[in-house]
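Letters are used for the chains, namely A, B and C, taken in the order the chains are written, and counting of residues starts over at 1 for each.
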Amino acid sequence: METAISKIGFSIKTDSYEGPFEVLLDLIEARKLLVNDLALANITEDFIAHVRAQKTFPVDEAASFIQIAATLLLIKSKSLIPDLILSEDENVDVDDLKRRLAAYEKVREASRELARIFGKTVMMPAGERAPEIVFAPSSDLSIGALAEALAHVLAAHKTVEELPEARVKPLVTIEEMMDRLAKRVQTAMTLSFKDFAGSAKEKVEVIVSFLALLELVKQGAVAAEQHDLDIRISHTGTAVPRYS
Amino acid sequence: MLTPPAAAHALLFASGEPLERKRVALLLGIKETEIGLVLKALTDSLKGSGVAVIETETDVELRTASEAALIVKKFRENELARDLGKASLETLAVIAYQAGATRGEIDWVRGVNSSASVRTLLMRGLIEGREDEHDRRRIRYYLTTEALAHLGIKSAADLPRAGELSAAAAAIKREETIQATE
Amino acid sequence: MLTPPAAAHALLFASGEPLERKRVALLLGIKETEIGLVLKALTDSLKGSGVAVIETETDVELRTASEAALIVKKFRENELARDLGKASLETLAVIAYQAGATRGEIDWVRGVNSSASVRTLLMRGLIEGREDEHDRRRIRYYLTTEALAHLGIKSAADLPRAGELSAAAAAIKREETIQATE
């Protein structure tokens, strides 16, 4: 884990959790690059190294990290295999990632602006006076209304709790997605193998990254299983496989 | 930078209670002999503004102006006659089914900040706060006897679906305790 | 007789909490369309006074001015803001620069699930959720006067680089809407 990261001199902050876009931007900024295809292709391995290095992965974020890793691999593959024609869906994924990253860059700027002023000059509310208490019930107050209000709160609480899992796009399982992507790129590589003469080293890296990612999904820190229409991703245990 | 009268205004506003003149002087970093002038300037600047400075020999306080008495009275009456509304009803419900709930627990169960609702319910005499026996900084809220009487029940046990709803709320409340101690 | 801005001043002072703009209009006996002008006049008259009006789209509250923060801090230190984590700050930023942002929009741009951050902000009273007018299942989030007060600004228009960053945030809304309808 250490070597994979220290290679590029980018240290992952272990004290606070970072989302995938944040990791991407950090990697790009560390290399003083602009957000474009070239930059994304450049940091693909580092991003995957980061995914692999995560000891504790927030359960519901694993999917977005892996989905982004998959899109990065597409961009990387395309940069290595010029013959690789991306499908419409794949192009959408790539464009989408770039747009979201650009938007996130602005949000990060905005949040830094807010961090600069938040809590610095707090405008205080009027001081509280001891209230004059007047018993004043209301027409909407009854035991029925109370029961209903609490039932509503409890129901809302349940919805919130369940929301994170439901938000993972229930199109395919992560495993299916990765399998498809692996086949897709491997086929393209076989077809245009002769183009690789000059970049054999990088080709190997791509394949290694792929296998590592697939392994992560299949045996490692996260296990994906399909429940009804939602995907639930859960930690299978604390044991993290080592790839070194 | 604020002028001394403006700084005094902010202090009195944030205090809510009468402040000693000498304390105001100390906080403003001026001499006690100067405070009279500063308060005079503040009084003048607030003329006709709806809010006024009330001075005694020792203390000073910000109050609504006497000309505003009518509109403030109307506001208070409106405040007490209004429907409780969703937020306050929910807050009252949590307290009804979970007697002794704290602000933190109410917020946790509702998932939103409940300070305004708690304040409303206190003012309307529907709930009362008592210090926790073990931790005096913690305030626990209970329905008042008047509220119970108004609802036509003797205790929380008489509420509809008391067992089921209390248990569910208690389960959520426990999460808060776990989170808070983590 | 008090002028409408002075009457509004008295009301806001007496209330001590945020009041709905339409409620202030009702109590003052003016049209909802006129409340903006009245509050504008009040804001102007309070300039440099140590106290200021904070306005959101729906609410209005009287608070000490941001310039008074240092002096007021001296005796209300215990209430001072706990810092927000990075995730909550980002979420707050999306909502600040794009009033009415939905959970979907926040998640879209942050690339992570924001439910915990949204909940933190709700519980701290920095944002509030309201149902979308057209689609009741959609909750839209807005800054509260409390959030503006913590940022030391009187309205969202005073946010740092408001024009530029709001324009950038508006793109988020469009993008997510396209995605959601696909």
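Criterion: a contact is a pair of C-beta atoms (placed from the backbone, for glycine too) under 8 Å apart; a residue touches a chain by one contact, two chains touch by 3 or more.
Please read all numbers here as calculations on a predicted model, not as lab measurements.
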From chain C, the most remote chain by mean C-alpha position: A
By mean Cα position, the chain sitting nearest the middle: C
Centre-of-Cα separation between chain C and chain A, whole angstrom: 29
Intercentroid distance (Cα basis), chain C paired with chain B, Å: 20
Rounded Å distance between chain A and chain B, as computed from the means of their C-alpha atoms: 42
Multi-chain contact residues (two or more partners), chain C: 13, 16-17, 62, 64-65, 67-68, 72, 76, 119
Residues of chain A whose C-beta touches two or more other chains: 124-129, 160
Interface residues, chain B side, partner chain C - complex: 1-3, 5-11, 13-16, 27-28, 45, 48-51, 62, 64-65, 67-68, 71-72, 74-76, 78, 107-108, 111-113, 115-116, 119
Contact set on chain B toward chain A in their complex: 10, 13-17, 80-86, 89-90, 92-94, 96-97, 109-111, 119, 122-126, 144, 146-147, 150-153, 158-161, 165, 168-169, 172
Contact set on chain A toward chain B in their complex: 124-129, 131-147, 149-154, 156-157, 160
Chain A - residues contacting chain C, complex: 16-17, 19-22, 58, 60-61, 64, 68, 96, 99-100, 103-104, 106-111, 113-129, 160, 163-164, 167
